[in-house]
Amino acid sequence: MKPFTYERAASPAQAAAAAIQMPGAKFIAGGTNLLDLMKLQIETPAHLIDVNRLALDTIEPTQEGGLRIGALVSNTDLAADARVRRDYGVLARALLAGASGQLRNKATTAGNLLQRTRCPYFYDTDQPCNKRHPGSGCSAIGGVTRQLGVIGTSDACIATHPSDMAVALRALDATVETVKADGATRRIPVAELHRLPGDTPHVETVLEPGELITAVLLPAPVGGTQIYRKVRDRASYAFALVSVGAILQHDGTGRIALGGVAPKPWRVEEAEAELPNGPRAFTTRLMAGARPTRDNAFKVALAERTLGAVLNEARG
Amino acid sequence: MKFDTPATTNPIDQMKVVGQPLDRIDGPLKTTGTAPYAYERHDVAAAPAYGYVIGSAVPKGRITGMDVSAAQHAPGVLAVVTAENAGPLDKGKYNTAKLLGGPEIEHYHQAVALVVAESFEQARAAAALVKIDYAAEPGRFDLHAARVAAFPPEENDITGPPETHVGDFAGAFAQAPVTLDETYTTPDHSHAMMEPHATLAAWEGDRLTVWTSNQMIAWANGDLAKTLRMPKEKVRVVSPFIGGGFGGKLFLRADVVLAALGARAAGRPVKVALQRPLIANNTTHRPATIQRIRIGATREGVITAIGHESWSGDLEGGGPETAVNQTRLLYAGANRMTAMRLAVLDLPEGNAMRAPGEAPGMMALEIAMDEMAEKLGIDPIEFRIRNDTQVDPEKPERPFSARAFAECLRLGAERFGWDARNSRPGQRREGKWLIGIGMAAAFRNNLLMKSGARVRLDGEGRVTVETDMTDIGTGSYTIIGQTAAEMMGVPIEKVTVRLGDSTYPVSAGSGGQFGANNATAGVYATCVKLREEVTQRLGFNSEDAVFADGHVRAGNRAVLLGAAAAEGDIVAEDAIEYGDLDERYQQSTFGGHFVEAAVDAYTGETRIRRMLAVCAAGRILNPKSARSQVIGAMTMGAGAALMEELAVDTRRGFFVNHDLAGYEVPVHADIPHQEVIFLDETDPLSSPMKAKGVGELGICGVGAAVANAVYNATGVRVRDYPITLDKYLDRLPDAA
Amino acid sequence: MHSHSEPGLSRRDLLVAGAATVAGSAATGPAHAQDAVNTSSMDTVPRAPVHAPVRFTVNGREHALELDTRTSLLDALREHLHLTGTKKGCDHGQCGACTVMVDGVRINSCLTLAVMHEGADVTTIEGLGTPDRLHAMQAAFVKHDGYQCGYCTPGQICSAVAVLDEIKAGIPSHVTADIMATPEFSVDEVRERMSGNICRCGAYSNIIEAITEVAGRAA
């Protein structure tokens, strides 16, 4: 870990401004992923802006009938919120399926969205990785790929996005609210927040330098049966092989996003028209263009079977 | 004391303290965080410097250039130790690869430098400034590819013969009306103990003391001295608390050598803990195996031919995973063969992990037995009992010292509700869950090793035991305390136990489930000597004296025990040594594992619902801590069955999932309530304690019991561990 | 035979590449600094350590420290305050051995900086009980042999104490059947909630018995 200077930010706008004024600055909130990566020198900020004392830790109703979740709301508090549990069950379930109690107590809403891949080659600084060192090559391709992505990947990177929460937010059509260094704010649909790797896997989101997420906005509740089903090798405290975030309506329609398969929560709205035709028809459409490896081809079949389990559960 | 005739009645048989389920005497320290582990010895070295280890970035090759100047000039840096500046080093007797590599690199993450700085943060940051150029060389990293070039390993005490043959295996197998010929694989496993390998080293002139985390003090002492080319009398090794080992801390490792070198270079105490992401590739692991098992039997289920071959790999000069060993002893059968083949691999060093040999061997053999029972249409328990033997099947003149194998299986079947099992797989469904029950034998040998102790009696009647025996979570402190209390006739509160210091007499150490029986037998022997001295001083006839309730009694005379030491402490030192009882008799431990598993019909996720182990392992010295040993082993076995695998990148030559997020071990949610039953047994051929090992019995077979339960649930047989859902998803019955 | 795909791979090359790496990494924070400024110029020479003051309370005692900003809360406890009951098992949030309670909430002390805890109230295993005066949870672990090597044990005990509070506070878990209902104590609830504390010795079954006893219910 390289030395860094440290400051506690007083306001979101001041934090965003400081982030572009200070060379090599980064924001830190929960720190559960950033510090992990700083210890390995995968992240090397020269300046940390601690945003934990900003008043961004509340969950408020919005005029549209949804919720505005402060960026600093912890994963535990978000999952425990009565409104979230009642109206956005898929989100509460996704949060509770992730990490451990200790980590959820510290990890924040915005930090969860921005966590980086858990690809073991990304984590091993003795191996080439286009995400760590653009142009150095991807050592995962052709290597141990059982956990890695099957769709949305590129010849430069086959890593997955590890978040469970983001999968639920994608199914819920959530939006993030940000403040830029110049004080301007904007809204970005979660669907557009994460970028596919293409030739630039090191660029993971559409956020601009210094841009700070201040909140996540949930639209008005859409009801339905909400399920988050996470499949992993051990029963808890593990990243997903495949996960399904589902909001299913009585008329057979629904919204489905997958985790564990792609560099971002994977949802294809057009495929959802196939839902009434069963898991195979839907998954075939959802996973069209998948490029699995020999070791992770099972994820395609597993996605279909997990969806089958979800539909079965929804039927009660 | 030489133990060469079967034990007769002795003070241990009173079982006033020994055999009681006492709480661990070190429990209050461990539960309050006050038990000191190696990296925490602020009490012995006030301001140590911190070392940070750099591992090789290539698996095989040479260092062609190393630039440490930036690191040396980084803030707080005191020294950078490399093979170039460390001075001449030898290699330990128990090490295959060097602990400080360079210029030759033998495996990935082999230590190549230690950066020492005033603070941990400074050492870590400076380590990233060391620039190393490598010339990588081609290596062999794929066991399956290297298998064709495998050769018979050299015979030694640990490995045994590379091949055994009894009768005419090939002929009998060819003629058997029912046969099985299947191949099973087990992957590389990591010990993944919770405390990283850690050492604090301090020099005083030419004398070196290391506070470390090691299972075998005398081995560490000898190998550290040998590595540093010092007389071993000038090296002291201290390891009173060890945060788990499982075989991974049997040997001297890089933390010890580098801390010693770092302390010498920095001129002050230095502490080093291997960084977690380094451990899997830097240290040792349980090697992967490929195992072919052939069984031939009559239609009545009598085995006529049994053959077991195993292939494993290791670095040049390393040894095999002895996965065939139990097959030489476990089941009857007139015609038999076993064979081991060793391939040279350039992966990190393979070595012992909990129950080396039997743990992976039983994972394969006990699936094969399940498969064979099904082919025969015989209940798997009945099939095993039908092929039970009371003598060594390779040498029928050698009986087992005790073998309550069939009793374990019968009792387990009764307690577990085996009758309710449907022998046709895939028949029981509860909602989305497919439910199955499986069992497997448990088997692990009992080893006899010399073990010494020193016991002191003071005027207050307090008994202090000193031995270099270690407690790696096994309960050594407590059972040694119980042994001394029983022998000297005092409550356990009057006993102090000091362990893990090379200034104490050499013990058996912790490994191979040989610690408990041998170390307590060594304390027994020493207490016998101390009793003689006490009776002599008190003027008793030692034959008649009774040690009880803090007194020594004979006839109508009773004297406080402490009175014997009124004029000065009495100190006795002795060791237990063995004759040929383990040659005349085969000494082993036995059991049965029973598992109920549920498999999600949609996703193939497996959850273990119930686990039972029934064990016959001689006298159980402390049922509470012994039970913990067994449930812990069952847990590790469940991990091996369902999730544990060091994933090999066969191109780049390393274990990819080298941290605790990537190498998944069971968590709370994976493990149900576990039951353990110990048969009431004593084995007078094992030692005066009449005890045997139990700490590894619990892992031997449990993986196969899980596998057999998954088969019973699904009808899908997986022969490649771990049994993860990707290996059978496409073969699961229709979920809906 | 397989050959290493990159003969001559050098750490220097990697470092050069690292120095050339600029933007695009995401912060874990409610923010994403696509590193505004090229950091490569600074990376050619080692940066000097930065120290910062921090005050917090540990087990009821206030401490004023001047720490390298890089110091984790875990290392502040273990190396600076000599409170070594909190263990370092992985230093990466993968094992739970470093679990402590900060302002009443359990966290992994390895994945947080000490300087971020100005004014915080920290409770470690040493703050729960001592060998002579065990906390009820510590006593239950001894009674049920809920440990073996002892290294994960302080983290297990801190987590166990916090888990019972979390259930009382109505925080749901992954295994809570009805997410709208108030969660109730059950062994499955405890197993799920304790899953961030790995015990390689495998004392899980006994740990659950110990927690169950403290929770005042039959197993």
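A few remarks follow.
Just so it is clear, A, B and C label the chains in written order, and each chain counts residues from 1 on its own.
Note that a residue touches a chain if its C-beta (ideal position, glycine included) is under 8 Å from a C-beta of that chain, and two chains touch if they have at least 3 such contacts.
Here the structure is a predicted model, which is why all the values come from computation and not from measurement.
Comparing the centres of all chains, each the average of its CA atoms, the largest separation from subunit C belongs to B.
Simply put, of A-B and A-C, more C-beta pairs touch at A-C. Remark: subunit B and subunit C have CA centroids separated by 28 Å (rounded to whole angstrom). Centres computed as Cα averages put subunit A at a distance of 41 Å from subunit B. Separating the centre of subunit A from that of subunit C, both taken as means of CA atoms, is a distance of 22 Å. Contact with two or more other chains is made by residues 1-3, 39, 41, 126, 235-237 of subunit A. Residue positions 6, 11, 14, 46, 48-49, 68, 70, 91-92, 191-192, 195-198 of subunit C each touch two or more of the other chains.
Listed for subunit B are residues 57-58, 75, 121, 125, 128, 277, 651-652, 659, 661, 666-669, each touching two or more other chains. Within the complex formed with subunit C, the subunit B residues making contact are 23-24, 26-37, 39-40, 42, 57-61, 65, 67, 70, 73-76, 119-122, 125-126, 128-142, 145, 191-196, 241-246, 273, 275-277, 472-475, 624-625, 627-629, 631-636, 650-653, 659-661, 665-669, 671-674.
Looking at the complex, you find that subunit C touches subunit A at residues 6, 11, 14, 17-18, 20-21, 23-37, 39, 42-43, 46-50, 52, 68-70, 72, 91-93, 96, 99, 105-108, 111-113, 115-116, 118, 159, 162-163, 166, 169-174, 176, 179-180, 191-193, 195-198.
Contacts from subunit A toward subunit B in the complex involve residues 1-3, 39-41, 118, 120-121, 123-124, 126-127, 139, 142-144, 146, 231-239, 241, 298, 301-302, 305-306, 308-309, 312. Partner subunit B is touched in their complex by these residues of subunit C: 1-12, 14-15, 46, 48-49, 68, 70-71, 75, 78-79, 82-92, 94-95, 97, 124-126, 128-132, 134, 138-139, 141-143, 145, 147-154, 157, 175, 187, 190-192, 194-208, 219.
Across the complex, subunit B meets subunit A through its residues 55, 57-58, 75, 108, 121, 124-125, 128, 277, 432, 600, 602-605, 607, 642-643, 647-649, 651-652, 656-659, 661-662, 664, 666-670, 722, 724-726, 729-730, 735-736.
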